[in-house]
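What follows is a pair of complexes built around chain A, which joins chain B in one and chain C in the other.
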Partner chain A sequence: MSFLRDALLVAGKDLRIERRSRVALQQIIPFGGVVVMLFAFALDSDRTLLHQAAPGLFWAAVLLAVLLAVGRSFAIEEANRARDGLRLSGLDGGSIFLGKAAAVAVELFLLEVIVGAAVVVLYDVSVRGAVVLLCAAVAATVGLAATGTVYGVLAGGLRARETLLPLLVLPAVTPVMLGATRSFQAALDGTPGDAWPWVQLLTAFAVLAVAAGTVAFGPLLEEA
Partner chain B sequence: MLGRFPALAGADLEVESGEVVLLSGPNGAGKTTLLRLCAGLLALRAGEAEVLGVNLAVEPRRVRRAVALVGHETFCYDDLTVAENVRFVARSTGHRAADADDALERVGLQRVANIAHGRLSQGQRRRLSLANALVRNPRLLLLDEPHAGLDEHGRAVLEEIVRSAPAEDRTVMLASHELELARRLATREVRIVAGQVHAVPPPAPAGAAVVAGFEPRA
Partner chain C sequence: MKRLFLATTVVSLGVTAVFALWVTPPRADQGFDAVRLLYLHAPTAWIAYLAFGVTALASLLWLFPRTRSATWDLLAGASAEVGVVFTGLTLVLGSLWGRPTWGTWWEWDARLTTTAILFFLYLGYLALRRTGTTADERGKRSAIAALIAFADVPVSYLSVTWWQTLHQQGTVFNERLSVKIDGSMAFTLVAAVVSFTLLYGYLVLERFELAQLEEGREARELERAIAERVRAEHVEVAPV
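After this line comes the complex of A and B, so read on.
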């Protein structure tokens, strides 16, 4: 119980900081919107292609926003050496990981709702297979947040963290990008049955990422 | 080791419970390194260190729960208020959020409890660090340049905290360049030079004189 309580404490702290600083609201979410809009301009002459590519473009926008959200999550720990404060607290590394990953996931859900609405409007997409879309989005978001948080702590203590983080995270989340795009494509095409294997892949990835992060985060926090 | 540079090689220091030990010495001598080591923030690459009877290499988390470090940085979040920062420390170290109010009152920061950390002056930040340390109710209090940035009132608060430490079953180690102020608080002084710990003789009683280490003839 104390493990989960500590995770909630860390998540609450990160979300409160984001609510105050409004970085997610004023930078990360608009960034996702701009990416979606740029794709719309680039492919506007071919509405069919834009419609077909909508799931991939949506997740590409989310993926790029993940880098910002994770970078921000660890930037607050670098200021005033707050990371040392976390270490001194004696909190279990696993609970810190769960808390930080949960906060990133909440921010990503918010981003996905807003960017998703922009995709529906700009790309002229009809929403179908809501259950599949929701399950895929939840599994993909948890996987992205967990993977990003593991690599975030790894890169957090380094001077080259801004450039290193994308190099570490983007290849690692390729299965999420693939699974989320395919499952969204199937749901929007009206064949949700084809989406479930991809949702299973996303769920398996998310479970593995959370388990690996819970074990690895503590030692990484010490070494970084 | 700090990188490839051996810090505190051959250092040997034993501190009794309830002591207030002043670490003096030139910049770069290893004072901060020693304090961070005692706090469990640095890993020991060689030798042995026991803090409060706990082997640092074996149980660093247990050591961290029993010590508090007031360092050069506050370990706080700029976008959280003073009260929120102290409450976070209290709850993350297994104490009650209500303890935060007592700690803030003791360092005289109640008036700015709802101000964001990022808007505090340097002296207020230093006092917030002290509140964060007190709320943990540590058995070992580590103070790194605690006088820096403190005004007269802040220094009085610091003095009260250090002087009441033995009565609160608390040991204090402080590193300072403000030797005159720090010596008023310390029960013992050790000088660290190039990572080596040297005992400093206690101040001579009134009427006596110690010059260059030679005692005058009786």
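After this line comes the complex of A and C, so read on.
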């Protein structure tokens, strides 16, 4: 059980840093809000169009925020050579991965709640099928956080990591974008039955991403 | 040896071109003469899958401690480069073929979408390779990235069987394993696949040798720089 305890330790560390620095709260979440507003401008604030496209726009905003959250999660390891500290801590690579991914997932949840509220108000969406929405959001968020964290360490410490990360992460999470959008669409349309295959896809993706990350993170953190 | 390889490739491509352009018949249901794009589009798609398969295999061999060697890393990179070019060609040629037969340049169907994702996944892989770090560090990071990206290859290949797509199902490797075209068309398609595979082999060989030369040059330049530095310090120290 020390594996999970170590993961909690790392997650606690990252969340404590975020609570004190307030980067997630004061930069990443407002960024999500701005994106939601920009989409409304792009569609000329056409109410019916916004209403129809709301699930996709919501997840597009979340996907862009994932890039910031992951970038931030590894930026704190670059400062003061914290990465070396993490490496020397004796913690298992897999548990470090789970901890960092969990911290990113918690931040994303918070973001989804706030951005989701903005979407409901600004795009005139009435919330239906709460159970489906919640299940889809949990599975999608875990998948996004895990994939982002794998690529975060993959690009970590490289010269062009800020520009490399989006190119690596976004194509890899397209199944999440598709699955989350479709299941949200089905739930909001009042046909939650159609959403379950997509929730299954999201869950399978999340399981694979967590498994891959747990295996690959340790070797990637080590210096070759 | 390499010349012979190149000559064989050129001859087989020439034979394929003759068959594709003059011997095979046009087809009314596939945009008449546009059907000839089949002999380019299907082989380029096959090469893309083959190239990424080779990259994944070479990456595995690099990651496995017993078989680790710089050769596998360079081979993985060379094959992925050729693969990205052929994926791009597949998309462009498919788009050109789609216009007369489907009436649209692009359709968001499962095969097209997964192939487009494949293109971007491996563009990211190539970008990761170029970030300028040590050879070992590059080998490790890119090998893991290659294995993750390869997950999309079977999805793309099987997408036409899994989902209802506008894109047709496999012409040769379909569920019943029955070849759906006959005579000169089937022969030309096989000839095209063989000659494009030869072309792939030749391109990867060239690219691999170039990568080896690049690596060698970097090592030599580093040695020279160190030697110059040592000499310079020696000269400075001498008067004291």
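Following the convention adopted for this analysis, the second predicted complex is superposed on the first by the 220 of 224 C-alpha atoms of A that agree within 3 Å, B and C clash if a C-alpha of one lies under 4 Å from a C-alpha of the other, contacts with A are read in each partner's own complex, and residues count from 1 in each chain.
Keep in mind that, in the parts below, contacts are C-beta pairs under 8 Å (C-beta built on N, C-alpha and C of every residue); 3 or more make two chains touch, one makes a residue touch a chain.
Bear in mind the structure is a predicted one, so any value in this text is a computation, not a measurement.
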Query: Mind checking chain B and chain C on superposed chain A, clash or fit?
result: fit
Query: Who does A:A60 touch here: chain B (first), chain C (second), both, or neither?
result: neither
Query: In the superposed arrangement, which partner chain does A:R81 touch: chain B (first), chain C (second), both, or neither?
result: first
- prompt: What is the value, to the nearest 10 degrees, of the angle subtended at the Cα centroid of chain A by the Cα centroids of chain B and chain C?
  reply: 90
Task: Once the structures are superposed on A, label A:M177 by its partner contacts, choosing first (chain B), second (chain C), both or neither.
output: neither
- prompt: Does the superposition put A:R20 against chain B (first), chain C (second), both, or neither?
  reply: first
Message: Contacts for A:A216 in the overlay, against chain B (first) and chain C (second): which applies, first, second, both or neither?
response: second
Message: Just checking: does A:A160 make contact with chain B only, chain C only, both, or neither of them? Give me first, second, both or neither.
response: second
Statement: Once both structures are superposed, the least CA distance from chain B to chain C in Å comes to 5
Task: Report the residues of chain A in contact with chain C in the complex, numbered from low to high.
output: 150, 154-155, 157-161, 164, 167-168, 170-172, 174, 208, 212, 216, 219-220, 223-224
Task: Please name which positions on chain A make contact with chain B in the complex.
output: 6, 9-10, 13, 16-17, 20-21, 76, 79-82, 84-91, 222
- request: Spell out the part of chain C that touches chain A in their complex, as residue ranges.
  value: 117, 120-121, 123-124, 127-128, 131-134, 136-137, 139-141, 144-145, 148-149, 151
- prompt: Can you list the chain B residues touching chain A in their complex?
  reply: 39-41, 43, 61-62, 64-65, 67-69, 71, 73-80, 84, 88-89, 91-94, 116-117, 132
